[in-house]
Structure formats: structure tokens, C-alpha cells
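A, B, C, D, E and F label the chains in the order they appear, each numbered from 1.
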Amino acid sequence: MLNPNSSISVTQRMQSCCATISLPAGYHVDFRTLAEGPPVIECQRDVERVVLPVCDYFHANPADAFVIGCFSDPGLYLAREELGVPVIGIAEAAVLAAVGLGARFGILAIKQGSIGRHTRMVRQLGYADRMAADRPLDLGVAELLDEDLSIARIIDVGRRMRDEDGADVLILGCATMGAYRPRLQAELGIPVVDPAQAAVMQALTLLTLNYAGIA
Amino acid sequence: MLNPNSSISVTQRMQSCCATISLPAGYHVDFRTLAEGPPVIECQRDVERVVLPVCDYFHANPADAFVIGCFSDPGLYLAREELGVPVIGIAEAAVLAAVGLGARFGILAIKQGSIGRHTRMVRQLGYADRMAADRPLDLGVAELLDEDLSIARIIDVGRRMRDEDGADVLILGCATMGAYRPRLQAELGIPVVDPAQAAVMQALTLLTLNYAGIA
Amino acid sequence: MLNPNSSISVTQRMQSCCATISLPAGYHVDFRTLAEGPPVIECQRDVERVVLPVCDYFHANPADAFVIGCFSDPGLYLAREELGVPVIGIAEAAVLAAVGLGARFGILAIKQGSIGRHTRMVRQLGYADRMAADRPLDLGVAELLDEDLSIARIIDVGRRMRDEDGADVLILGCATMGAYRPRLQAELGIPVVDPAQAAVMQALTLLTLNYAGIA
Amino acid sequence: MLNPNSSISVTQRMQSCCATISLPAGYHVDFRTLAEGPPVIECQRDVERVVLPVCDYFHANPADAFVIGCFSDPGLYLAREELGVPVIGIAEAAVLAAVGLGARFGILAIKQGSIGRHTRMVRQLGYADRMAADRPLDLGVAELLDEDLSIARIIDVGRRMRDEDGADVLILGCATMGAYRPRLQAELGIPVVDPAQAAVMQALTLLTLNYAGIA
Amino acid sequence: MLNPNSSISVTQRMQSCCATISLPAGYHVDFRTLAEGPPVIECQRDVERVVLPVCDYFHANPADAFVIGCFSDPGLYLAREELGVPVIGIAEAAVLAAVGLGARFGILAIKQGSIGRHTRMVRQLGYADRMAADRPLDLGVAELLDEDLSIARIIDVGRRMRDEDGADVLILGCATMGAYRPRLQAELGIPVVDPAQAAVMQALTLLTLNYAGIA
Amino acid sequence: MLNPNSSISVTQRMQSCCATISLPAGYHVDFRTLAEGPPVIECQRDVERVVLPVCDYFHANPADAFVIGCFSDPGLYLAREELGVPVIGIAEAAVLAAVGLGARFGILAIKQGSIGRHTRMVRQLGYADRMAADRPLDLGVAELLDEDLSIARIIDVGRRMRDEDGADVLILGCATMGAYRPRLQAELGIPVVDPAQAAVMQALTLLTLNYAGIA
């Protein structure tokens, strides 16, 4: 799993939230950071500039499956075309998990500016009619990384999507919030999908079942 | 995983095709046969008469998650309402896997008579527009259980769904054909989903990620 | 028309609300009660346990067409497969009537617990995008049977579905409320469908026009 | 029921095919011919020029419900806006009947030139995804009115829509073919909807159940 | 461009709002008024009675393309069938423009009574799922023609469609409001489509690119 | 209009096919070639590598509107986010034109390898149900540039999409085939959209009507 931004703290967040997953003997997830990535991926330019580096990193670091650890899935289609193994985007994995868990999902976006990207991704997957809402948290990075500072806002936005927008499953629209999943689920009583965790389970499924034409 | 028909040979088929799945330490799938079930489940009456027995079997045999091992998913909604743990139908699991693997899926049905049931299930899941076709194999049981006798027919029907109906992923519409998946995938070059295998991976995912409100 | 619960008062309610329908000479509806049914059908187990008895009752009591008089349509697909005549579920009949009367319908459910069943039925019929809402009345049986005690609540829930959810036609989600239809229509000014009445007219249509392949 | 073309033979055809319908005591269908209509309604101008005359005829000849007896439903929305009683178009009635009888319907059009009109009507009703096909018979009037001359062609076009287009219910796209319905159903084994018959049963249903806001 | 009502002031409004469009050398829009039309087109009868006159006017006044300058598009399908050149309805042109400018559009209707007509038109075009709302302004003619009297109401209704209904593009549901487009866009920050302007640009595109089968 | 590949002959093709468009006084299209682009854009890597250069070229060469002259629309979302003026992708413009010209469109792709990209683009725009087919021409560059060598193949593929797939409008899936549009339209009798021409008319419309929020 490659974090395409250069913030090691973000990679560590993904790693610790995926650490709750027991893998079968012989399976292992390596968490890497793209040193040349920007500190955060917030705008379309941030996304576009890591597309080639992400794919080239995969070429240089062979694995049985690759996960792109950013909710914009930068380089997903390029990597799928060039690498001979399964390539998973955490946003796509989260949406595929969510549509199996409920009728309509809501996405907790970090910023307003990501919502257009999310919408295009969801439409491209053919699930526009399953998206109840996509609402921004509008939290700064410092707040976002501190559960005590951010959890009230996260629960509030999630509750609005459940009660006003009709979402019966939520997606954390960023790879850094997985640690808050237990509290959020406990408060709201509906499934909450962490994209990095969903991607690990999808990778495990693809490697286990060896579907033709996937890689 | 409970096979709701009474044919132990069918249970063994499911077990052997799921034996290719490595599970994490501490996870185990028990394969059981419903002694009071009919020898095969072919018509709507066969389905309806095992609904209560399947659910009652689960009540009497506690587990962390249950799988209903029949492509008609008998008792799925009853078991979900009554048991406090995840309950998975192999048909539903197969469809959820298929829509993540391709744009439009085809189902290889055993008999013409099951197609109405499949169609209702797919529509209920909201994936009518993703179903390319559902074609019957029209094979007798003896032929179905003998790979040499059945594989040509299975490949032929699958190829028609790929080439004429536009399916880019196939679902085996019965729990007894998993052993033929490798040859079918090799011939056609598109993903083929075995419903029992898909259900095991879905159960593992639900137990691992512990989504709220699922059980 | 068979009421699959054992409450004769419910059968009488259906009968009296259908008594407003003039039938052509030679047509007659017989209202029967399934003695072995539960007093009310409220949960999935209630539904499942009457499936075989309903169908067997039809086998034992021949008619030119059968109506299953419960908004969960228990045994509908079994009866259609086994009996050589039209079989109508009142919920299905109500939805088919509603989509001909307006753009989006709302369902007045008795209890929250039925809504999942309704949703699956509506999706199976292919009308998910025509369902504006499904809201529970949360009335006790005693209140439900007393127009003076229940009508205010019924009108209130119906008005919310009309004004907030955009429903332009309503379905009474139970066979016991037909008597309140005139007052509800008069208050709200939009069509209100009683499922038992809709089923009688659908049966009459099918018997009159004798469509091939229906029975 | 008003035939908006001036051909009395067409009115008689509608009348004789609806004569198979038993109506309750007190109900009666009057079949009328619009003297000022064109001999046939084949092009858009034919449709448009009868819109005002149809509605004005209804104003001058009061009834409890009106049926527009032409598969282009000329004047339907005008009559609904102006008359205080139910107004039914036979094309709309046929489509509403068909979607209750099968998953996807085919329309047997008289001429290629009507298909655009049918398509607009079906889309307006919201059933574009339920229309399997609309194929022209391309029969002259003399042939159309002679069962022996036309039935082979009608069966052939119907069979193509069933077998190639996936229609499981057919609509006769003109009010003059109802007499051929029995043979067509017998040959193809799927429901065939005559629009005049469907409209009579819809009128009976609306008058019997007295839905608010319909008239 | 033919204004099918007889109010010259309305024709002048259309003309002045289209005067902002620079056309290539050799292109020219002639604005005409249908003398025999009603002063305003408000009800279905107003629409139907101008259908034949509009088309006959076009026959009598040849042009390279025709625009029907009324948001009910009266005579559109008749004119397309009979004239050998492109015929454009301003409502259809506005919807086609809107779906290219945003995800979901709202229509500012003059009166409640037009909304049914708009809805049928949008469904016929296949864009029902792209219509966020259609809300009436309920302004009298005098107010509507006076920007100072009407602009506050127009902005208020537009804002509600943007903020409550989720519209990200608005359509002016009448040919008389184009002059208010700049202020409305400036207030709301989302695209506002004037139907007459949209129709002129569509006509120019069709004449420039000369698509086969369009006229 | 920027051709993101470095082949001047391709730029000249776009320019000559757009030369048939008369623009209003004061409007002018400048055709440019991205010198650092690959000679052709055939695979996902070709697309990704020009994303940043295309956008940076626009920053360096100001205009009132920009067109990306490649049917993969590379850099479209980045340029829209960064530039304060309308940015048009020729593929998006072609699809928006096509859905206004017919019910279902077919795309003439150069190579099989582009079809996945087209499908993602069409789904992202929300028009998956309007795409009848996307078929590859499988022509070499030399053949493609020679009308006599390629026109028979182009007509044959277009005819199959019209007759077998039900397309009633075609899109040329590359900016180099516009010169063949007249012959293709004449042969097939349905509209054929050249993406570069469609983009020029869309740019002219956006600049003329000055929609808020578009740039």
C-alpha cells in the first residue's frame, strides 16, 4: 500500500488502522510513502502530479497486488493497464464495500474541494444513484489528527447524512480517519467504511480467489 | 456454512472448492448438511420448505457468522432478523462480488426453472441493469458432477453470455460447480465467481471489519 | 381472498371495504381466514410460517383466481408456480395500481419492522425509483381498528409523505385500513390505494381479459 | 369511448373486441365515432387536428369517464385538464397494463411512422427501460382487417420481439387488432394486450375505486 | 423565431435578450408574432390551439431553421415531421443546454399549472432524473415584466432550488425573463439558461454543422 | 485548441475540418500542437503524461476559452480547476452534442484499447444508458489518414452500430476523421458528430452566453 503523499504520519495512520486485520499465513501488507509526493493531496494538481510517480514506484517495487492509499485513487487506471497484478484504489474499494452494506452511502469529505472528484469517481463506477450525500468536514489537519478535537464534528456530519440525507452506510473520505471508526459506528449504529481497511480486504479476496482478467 | 439440501456429496463439493482459501489463524468454516432438506432444491416449494429449518438450525448451532449454502438463499431475511450475527446468502455474495469485478454479469443456471428466482433476487439487490443474461445449462445431475461430461457445455454457455450478451464476469449459479472454475476462467479469460467461495470471503470481511448494524 | 392471519376481525375488515366494489354477474369474492395463521403477521417469521399453509389452502380450495390478503404477500411465488390460475398478492397489486396513478408513491406502514420487507418487494418489482417514502404509523392494534383514534395520525403521516417526500399517491400498507380511505383522500386530495380493493380489481381484470402465461 | 377517426368499421372493431368484457350492473360503454376525424390517423398532423375536436366532443357528450380510442391518445392531456372525470388514453392504458404483466414489452406498430410517437409516449410515462422493442407490421389496411391475410405477419413480428428482443408481453399498437389476440396469445404463449380492452378495465377500475385527484 | 402568442411585447422581450448574441456573417434571426395566437399561453388549450397555426405559419414563411418561441414547444413534433429543416423548441433547447452545464437543473415556472407540462416534456426527453425541481413564481404579468417588482421573487425561488433541491443550473421557464439572467446569475453564482438564447445557439449549431437526419 | 500530441498533421486535420465553421466577427480559433506530446496518444500512459503539460501550456498561452483536442480529454479537470475561463474536452463536447441529436449513440474508436477510457468518460458524464456501442476500427495510421483506404471500414462499423446496436447518432472517436463525416452521414442517414467541431460550437456557445460558474 503506497501513500502517494509524503507525510509519514499519514502512512502510519493507515498502517495502524489496518493493523486490526488478521491476515492468513503468508500474506503481508507493506506500507510505503511516496517521498516525492506533496505533503497532502488536496487539489486536482496534487492528484495529477503523483499519477506517474505512483505507477513508476509500483514498477520499481514488485508485489503480488498494489493498493493506492489516497481517496483520489491517483494512477489507478494507468497502473491497471501496465502492471500484471491486481491494483486497488482505496476510494473504489470503499464504494464497492459500501454498496454491499446498505442501500445508500454518504461520504465524509475532508474539504469541499474534493467533492467534485468523489462525484466523478462514483458516477464512473455506476453508483451515482446509491450516493446519498457527500458532505465536507472542513477540519484543519491538526484538528483532524486529534480525535478529541474532531470526533464531535465527524459524528455531527455523519448523523446529518444518516438522518437528513438517508444514508444507511458511511464512507470515511480520507485514509487518516480509520481510528475514529469504532466511536463513529457506536454513535450512529450504521456501518462505517474505512477505505484503507476495505482495500486490504479486497486485495486479500482478489489474491485468494485469483479472478481471471483482473490483473 | 449450511447446505440446505440433504445431499452430502453437494456439501463435500462446497467444502473442497472452499479448501483453496487460506484463512487467518483463528478462523474456520464448518460445512454442515441439513438432514431434513430435500435431496436437491429445484423448485419454489423446495426453497420455501427449508426456510424455517435453516434458521432453526442456525439457532441450534451457534457461530460467529452463518452462510446459507444454496443459490436460492433460503431463509436469508428470516435469519438476518433473528440471529445476532452476520448471515450471508451465497447468491447475494456472488452478485456483490460480480458487480465489483465487471460491468455486466451472466449467471450460469442449472435449470430454466431457477431463472425467475435469480431475476427476483438480482432486482431486489438493485442490480437488474448489471445482469447481462441468465442462461440454463440444462444438465442432469450425473453430468453436472462429472467435469468431463459437463465442462464443454458450461464453457459453451459461458462463451455465449460473454460474446452475445456482453457479460464480462460470470457467476456459477449453483454451489456444485466451483471445481470447474479454473478451466472456465482459463478458456474465457474473464472472472468467474463461485458463490460459496465469494460467501466465505464476504464472511471473513464482515467478521474482520466488524461493521455496525450488520448483525 | 385468503387472510393468512387467524384474526377474523381482519378478514371482516377486508370484506367490508371490498363490499363497495360492484362485480359483474357471475363474479364473486370469497373471503377466508387461515385458521392456522398467527393472530397478526408482524415479523419475518410470521411471514415465512404461513407460506406453505397459504399455498396448501389454495390447493384444497379451488378457485378461478386467488388473492393473498396480507401486505407481505406470503407464498406469492410458490402459489404462482404451483396453481394453474392467477394468484395476486395485495401488496404487489397496490404497487401496480399506484404507479398508474401518480409519479411517486408513499407507503403507510403499520410498524417500522415491515419497511425492510416493503422495500425488498418494491425493488423486486422494479419500482424503487417510484417509491417516495415508507413511513410507520406506530399505532397499536386497538388504535388502528378505531377510526377516531387513528385517523389523525394516518392523515399526519400521509401529509408528510405528500409534502416532504413528494408522494403524489399513497398506499395503505395493511389490509385493515380501507375504511379510512375516503377520509384520507378527502383530506389530502391525492389518490389513496387500498391493497385489498386493488387486488380485487386486478383479479377481475385478469379473469376478464384472460392473459396468456399469467396462470 | 370515442374513435377519433371517422371510420365506422374501426369503431365496430373496438366495440366487438370489448364485447367480450362483462361489466357490472349499471356500467355501460358507449362507442362513438368522431365524424369530423380523418379516415385514419397515421401522421402527426392527423393526431394534432383531432385534439380539439375530441375534447369538444367530450364536453358536448357528458359521461362518467372518457376513453380516447386511438393509439396516439390525441387530446389526452387537454381532456384531463378540462373535464371533471377520468379520461383514459388507450395507449397509456395498454402500457400500464403491460408493465404489470411482464418485465419488458414489445409494441406491434402498424407503420414505421408511428414508432417515434410511441417512443415519446413511453418515455413520458417513465417506462423507456421496460420497452423491449417497437416493430412495424407494414400491412395495408385491407390486409390488416383480414385475419387470414395478416395473422402470419403479426405472429412473425411478435415472435421476433419475444425471441430476439426479449419481450415477455406484447401490446397491439392499434385499436383494430383485438380480434387477433386469442390466436396470437395461443401461438406465442405470452400475454398480449389489446389497448381498447385495457382501457375499458382501467376505466372500470377508476370508476369503481374513485381515486381522488384523478378526475 | 415565432412567438405563438399574440403579444408583441413578449416577442420584443425575446428579441432584445437574443440581441446580445453575435451571429456569424450571413446568419440572421427573424422574430415574428403569431397574430392568431392567444395573448398568453397558460393552459393546455392555449397550447393545443396554436399547434396547427404554428406549423402552417412555418410552411408559409420559409426559413433555414425554425424556433418555436414558447416554453410549451407547441407544434414541435408536427413541424419536425413536415418541414425539411431543423425545428427547435425553446424548452427542449433549454433542457439540452442545462444538462451540459450541471448535474441537476431547476425550472422557474411562471405558474403552478405549467409544471405538469414541463414534467412530461422532461420525461419525454429522458432527463427526469436530472430535474431537481420545478417551482412556480406565481407572479402576475405586470410584476413579471417589471424587473424591480419581480427580481426579488425570482432570486428567492432560484435560491431555494439551489440550496434545498440541489439544482446546480437553473432554467427560466418562460421566454420573457431573459433580461433578468445577469442579475440572477450574479446573485446565485450558478448558470442560468434563457430558453430563447439557448435555442438560437442550438439553431446556429445545427445550421453550421449540418447533421444528417435532423431536418 | 491544443492538440496534445506532437503530430502537426493531426493538428492540421482538426483545423481543416473546423474551417467549415463560420464564426461571428471577433471570434477566432487558434490551433496549436503540444511539442512535448507523444506522436500519438494511444495508451493510458500517453494520456497521463500530457495532463500537466496541457494545463501548463494553457497557463502560458492565455485565451478566452480552451479546447483540449484529444478524444481522451487529458487534463480537463485540472484545467477547469485552475484556469478562470471555459475549458472544453472534445470527447465531452461530442457526447453532449450526441445526446441532443438522438436517443442512443455509438462511438467509432480507433483501437480496442481506448474503449475502456471512453466507457469511463461516458459513465462519468452520466450517459451510460445512452451509449449503444463503442466499436474499434482497428485501422493503422496510414489507412486512417487516407479516405479511400479507410472509408469502407468506417461505414461498415458505423452501419453495424446503427443496425445491430441501435445507435441513431454516431461519434467519431478521434480528432482526425472529421473530413469523412459528409460521406459517412450520406451513407448512413444519421447524424455523425466530429468532436473537434462539436467543441468549437460549444466554446462559442459558452463564450456567447457567458454562463456563471462555468469558468
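One rule holds in what follows: a residue touches a chain if its C-beta (ideal position, glycine included) is under 8 Å from a C-beta of that chain, and two chains touch if they have at least 3 such contacts.
Bear in mind the structure is a predicted one, so any value in this text is a computation, not a measurement.
Chemist: State the smallest step count from chain A to chain E, taking one step as a move to a touching chain.
Modeler: Between chain A and chain E, the shortest chain-hopping route counts 2.
Chemist: When chain B touches chain C, do the two copies use mostly the same residue numbers, with over half shared, or different ones?
Modeler: same
Chemist: Could you put a whole-Å number on the gap between the CA centroids of chain A and chain F?
Modeler: The answer is 32 Å.
Chemist: So what's the Cα centroid distance for chain C and chain F, whole Å?
Modeler: 54
Chemist: Report, in whole Å, the distance between the mean C-alpha point of chain B and the mean C-alpha point of chain F.
Modeler: One centre to the other, that is 44 Å.
Chemist: Counting only residues that touch at least 2 other chains, which ones in chain F make the list?
Modeler: Each of 103, 126, 129 in chain F touches at least two other chains.
Chemist: Please categorise the chain-chain contact pattern as a line, ring, star, complete graph or other.
Modeler: Ring.
Chemist: Can you tell me which positions in chain E touch chain F when the two form their complex?
Modeler: Touching chain F: residues 20-27, 96-97, 99-101, 103, 126, 130, 168, 185-186, 188-194, 197-198, 201-202, 204-205, 208-209, 211-214 of chain E.
Chemist: So in the complex, which bits of chain C are touching chain B?
Modeler: 43-45, 48-49, 51-52, 55, 75, 77-78, 81-82, 116-117, 120, 123-126, 128
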